[in-house]
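What follows is a set of structures to go through.
Next come two complexes, and both contain chain A; in the first it sits with chain B, in the second with chain C.
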Partner chain A sequence: MLSNLGIIFSSVAFFVSLALIYLSLAELKISNNIISQKIYKISLVQLIFSILSFFVLLLGYIFSDFSMINVFENSHTTKPLFYKISGTWGNHEGSLLLWINILVLFSFLFLFLNKNKNRNFKIYTLIFQNLLITGFLIFLLTNSNPFSPIFPVPNEGMGLNPILQDPALAIHPPLLYVGFVGSSIYFSAALAALVSKVEAKSLATSIKPWVSISWFFQTTGILVGSIWAYYELGWGGYWFWDPVENSSLMPWLLMTALLHSVLVLERKIGLYSWVIVLSILTFTMSVVGTFLVRSGILNSVHTFANDPSRGLFILIFLILMVFSSIFIFFKYAPIEKKNYALFSKEFFILINNWFMVFFLAVVLIGTLYPIFLDTLIGQKISVGPPYYNFILAPFLIPLLFLMTSGPRHSWISSEIKKIFNIILVLSLSLFLIVFFLIKESSLIINLILLFSIYLIVQTFFDFYENFKNKSINLSRIVSHFGFGLLIFFISINHIFSIENNFNAKLGDNKKIEDYNIKFKNLEVLQKKNYKSVIGHFEIINNEKLIKENLKPEIRVYNQPETITYEASIKSGLLSDTYLTMSNISDTDIFNIKFQKKPFMNFIWLSVLLISIGGILNFLKKRIT
Partner chain B sequence: MLNIKTKNRLLIFLTISLLSIVLITFVFKTLEDNVLYFYSPSDIDQNEKIKLNKNIRIGGMVKNGSVKTEKNEIKFIVTDYKKEIIVSYKGTVPALFAEGKGVVAEGKLQDKKFFLAKRILAKHDETYMPPEMKESLKENVK
Partner chain C sequence: MKKKNLIITCIFFIFFFITMFLSLDKNKIYSTRDYVGQQLADVDLEYFNKNSIFNTKKISNYNFTLINFWASWCGPCRKEHKNLMALSENKNLKIIGINFRDKQNNAKEFLKEMGNPFFILTKDTDGKKSVNFGVYGIPETILVNQDLQILKKYIGPLSLKDVREINKIVKK
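== the complex of A and B ==
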């Protein structure tokens, strides 16, 4: 019943999208100053039907309607309601439906909220956006239909992987999708700008809020995913350079570049083509990321069961998208006016863009190289974190320096606002204190620390100065401040992390550096849908005489039968204590992983600050 | 011969190309030093060129009945149904590690029959298998 309804609703959404494209094309031929009401109405109908189809799937999950294969494969009656709901987008088909919903929502909002006077620009944006929507709807209806029926109807579902039953992971995909898919609207707008020959400023003001908002969601989505990986995977890390993580980072780098270059475009200084290229690339990279994750050509920790036919569809779609973009770009290539001076603000923004593109290239090469090597010579390899760390670390130094000095330059001219020498002195002395506290010998890490402190101090003063002058550019200050903190705390975390692996029996005592770990007790509990084995550990810091109790847990779920190891984390202001326990051969010996992770909360907080900058930028009054 | 404008342009162009070449060489050099090659137990048996002091990944099935937890380490046998290799590991295993299931281990070879693992890789999906393993197993089961 729900299955048929879902198919009907999504098919209607598909036909409405086709109608919208047709009517928009017809609308272009009429010379009028306003867009006719018809278009607005149909756009609303499209939104309603796509939301309805998502709602049907949601109901299917809430009421465990196993007549749909998708619900049968990913849900179970005993699952808590919250995870039944989040299960809707926790799988390939459901997440594709969510993806389409966001595409439609953004298309609708762009049409209604955009005050741009250029009528053709808006209509073209609508057309391009709806081409994307129809493309993904075809994919949904033909290849990955979440409403496919199953007969006979099973009594019970197969359950959702317990690792995915987690609040962070429930909100992580929607956040990331708003970021990923949000970039579609400036992809469409960029192409529309080319075709309708919109002037620079008009393009900049129409895409700027969408860039900020999608950047905010992308940043937050990455943060939540990273937090999840930290406490759920039990490795104690927060970034593994896993291909899936990379595929969310790559669009982020491009969005960051775009976020900056739009500022130049807004002031009519230049970069018109560059902004368009970046807009096109960002969404392309989002689709590439999706392709890499869903097609299964990459070896990664993510869960989507793989199916080559999905990959093929996305690949064909991607190729069509890229080639038509290139065609449109060269057919309507704009003539560029350049008038920027060396060492002006826009010069530094351009350098920022070069850095982002370089980082993107490094991550892209690291992610794709294994695929190329495999297809070319059949050699299986993977690229480890040392590659990324080794390359990216030295480049952070000039980046941090430019982030500090760049914003202090004026637009257009090379005039520099007075450099606070006091800031330099203060940063240096702060650095010396840090240096004597930590006694780190690596030159690169020391330089990174020095320049991150410089950035932190500078943004701090900027805040004070701007607050006095009331002309506050809060978004930039908050984000840059957050970035300085992030790099600083990651470096400190990197230096002071402790990790130790050992085996222990009940009652054992283990000494690691300044810590004494005692395996005190073992508790077995029977919960609603799993059996739990909890270890009670006492960790004593011999230096500070602090006692902490940690309880790592082994869970044996029944639906589907899965074992998970729940890390026990004592999160403190300065440091996290992290303990995981596993048992594999039913003996009384347990495998223990003990970790000390300094400043984890500060790392999360820094990323949060960075993303808050995005929201502030979104809320800021537009320059008119 | 060349006027100043063209000369400047040429200079900028040359600097950029030189810089790109240096960067690309740097990136690929680092890449080469940091790739982890993947081998099956049979590969290790046949290939003479695998260096002992380099980090690699091995993969296959955990042999039934081979997992032993000892005082300080975990030992198990990885098999591709043709050749076997003993793996020694210290630490917690990922949730889906089990006898008869697929596994990928990262670490160093001690000799042709003994592997010292630093990391056992997690696979979230019970039905999921790394593509490289699927292939190497497919060939051997036939």
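== the complex of A and C ==
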């Protein structure tokens, strides 16, 4: 029943999208100043039907309607309601439906909220966006239908992977999707701008809020994903340079570049083509990422069930998308005269963009090179964190430096510059102190630390100066401040982390540096859908005489039968104590991993600050 | 200038897409589909738990045998494991596991965690023996009948569909 309803709703959405393209094309031929009402109405119908189809799938999950294969394969009646709901987008088909919903929603909002006077620009944007929507709907209906029926109807579902049963993970994909898919709207707008020859400022103002908002969601999505990895995967890390993480980072880098160059475009006539290239690339990169993840070319914790036919579809879609963009770009892009004054603000923004492109290239090569090598030569290699850290870390230093000097360039008075020289001297001496304090650590990490402090301090002056001039660019200050803090805390965390692995039996005592770990008790509980083995540990800091009780857990889920290791984490203001426990077969010995990780909460907080900058930027545009 | 940029951009993307297409197709290029219908190679495998040899000829003792290549480090293996567990309940089918390039302890841990569907468990520590079965990556699964003829080959994790297919061939 629900299955049929879902197919009907999504098919209607598909035909409405086709109709919308047809009518928009017809609309272009009429010379009029306003867009006719029927376009708005049909757009609304499209939104309603795509939301309805998503709602049907959601109901299927909530009421465990196993007559749909998708629900059967990914849900179970004993699952808590919250995870039934998040199960809707926790799989390939469901997430594709969510994608389409976001595409449609953004298309709708762009049409309704955009105050841009250029009528043809809006219509072209609608056409390009709807071409994307139709493409994805064809994919959904022919290849990845979440509503496919199963007969006979099974009594029980197969269950959702317990590792995915986590609140952070329930919201992580939707956040990222809004970021990823949100970039589609400026992809469409960029192409529309070329075709309808929109002037620079008007393009900048119409895409700016969308860039800010998708950037905000992308940043938050990455943050929540990292938090999930930290709490749930139980390895004590938060960023693994996993190819799938990289595929969310790459669009983020492009969005960041775009966010900055839009500012130039808005104020001066310049970077027009560059902004368009970035807009096109951001969404292309998002689809490339999706292709890598869904086609099964990559293997990681994130991979959905592999299916080459899916990959082929996305690849064909991508080819069409890229080559039509290239065609439109080279046919319509205006020739620009480039004259950027050295050390002007736009000069620094351009440099920021080159850094982003460099980071992107490094991450892209690290992600694709193994695939290329395997395909073309047949050699298997793996590219891991050492590659990224080694290549990226040194470049953080000039980036941080430029972030410090860039913003003050067009407005700062010489008076402040003097203060800056003092700060430079101060920080250099600070650097020496830090270097003295931290033995056995490399010069690069210390320099990074120094320059992050430099950036943090600069943002305070930036704020002060802004405050004095009564024009506060809060979004920049907050984001740059957050970035400075992020690099600072990551470096500190990197330097001061303690990690130790050992085996212990009940009652054992273990001394690690200043800590004494005691295995006090073992408890076995039967929960609703899993059995839990909980270890009780007491950790005493000998130096500060602080006592902490930690309870790492081993969970044996029954549906599907899986074991997960729940880390026990005591989050403190200054540092986290992290304990995981795993059993060793046929013995009463457990393997314990003890970690002391300083400033974890501050790392999350810094990223949150960065993303808040994005929302502030969005709001600023709305208010004025 | 414009033309040059256009050509460079196009070449870049064409190269990119061709490689991506080939990597999609990689399964097929290396397809060991040719092995289907052929006789199973005569290979000596080491038992997982004891120091003796299991020869593939012994497979002719069973009606149907499923040879599964897996490792604890392999994510998709974890994914397909529940399907192997389901198949292990089929009385007409014996599952032989070949633990591929794995550490003994990790493999034990994996089975303890996920259950042991294997009737016989062997190991291929350096991955050289598996070549004889036409395996190039794991997980891979081969269905063999009593005459040691290869009936089916599954590359990648066994899906529910595969389970149904196997059960259909073997008949419960």
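Some observations on this one:
We take it that the second predicted complex is superposed on the first by the 581 of 624 C-alpha atoms of A that agree within 3 Å, B and C clash if a C-alpha of one lies under 4 Å from a C-alpha of the other, contacts with A are read in each partner's own complex, and residues count from 1 in each chain.
Basically, contacts are C-beta pairs under 8 Å (C-beta built on N, C-alpha and C of every residue); 3 or more make two chains touch, one makes a residue touch a chain.
Since this is a predicted model, take the numbers as computed values, not measurements.
Placing chain B and chain C on a common chain A by superposition gives a clash between them. In the superposition on chain A, A:Asn469 makes contact with neither chain B nor chain C.
The larger set of touched chain A residues comes from B, when the choice is between chain B and chain C. Looking at the shared chain after the overlay, A:Tyr369 reaches chain B, while chain C stays out of its contact range.
Of the two partner chains placed around the shared chain by superposition, chain B is the only one that A:Asn503 touches, whereas chain C remains out of contact.
In the superposition on chain A, A:Asn155 makes contact with neither chain B nor chain C.
In the superposed pair of complexes, A:Ser31 makes contact with neither chain B nor chain C. By the touch criterion stated above, A:Gln526 is placed in contact with neither chain B nor chain C.
In the superposed model, A:Val322 lies in contact with chain C only, and not with chain B. Once the two complexes are overlaid on the shared chain, A:Ile391 sits against chain B while remaining clear of chain C. Residue contacts after overlaying the shared chain place A:Phe291 against chain C, while chain B stays out of touching range. In the superposition on chain A, chain A positions 296-297, 299, 301, 303, 305-306, 374, 560, 562-563, 582-585 are in contact with chain B in one complex as well as with chain C in the other. Only residues 23, 26-28, 30-31, 33-39, 55, 57, 67-74, 90-98, 122-128, 130-132 of chain B touch chain A when the two sit together in their complex. Interface residues of chain C facing chain A in the complex, by the touch rule stated above, are 2, 5-6, 9-10, 13, 17, 19-27, 74-76, 79, 82, 85, 108-109, 112-115, 156-157, 159-160. Chain A meets chain B in the complex at residues 161, 163-164, 233-235, 296-297, 299, 301-303, 305-306, 358, 361-362, 365-366, 369-370, 374, 379-384, 386-387, 390-391, 501-503, 560, 562-565, 580-585, 587, 589, 591-593. The part of chain A that touches chain C in the complex is made up of residues 73, 158, 291, 295-297, 299-301, 303, 305-306, 308, 311-312, 315, 318-319, 322-323, 326, 330, 335, 371-372, 374-376, 560-563, 582-586.
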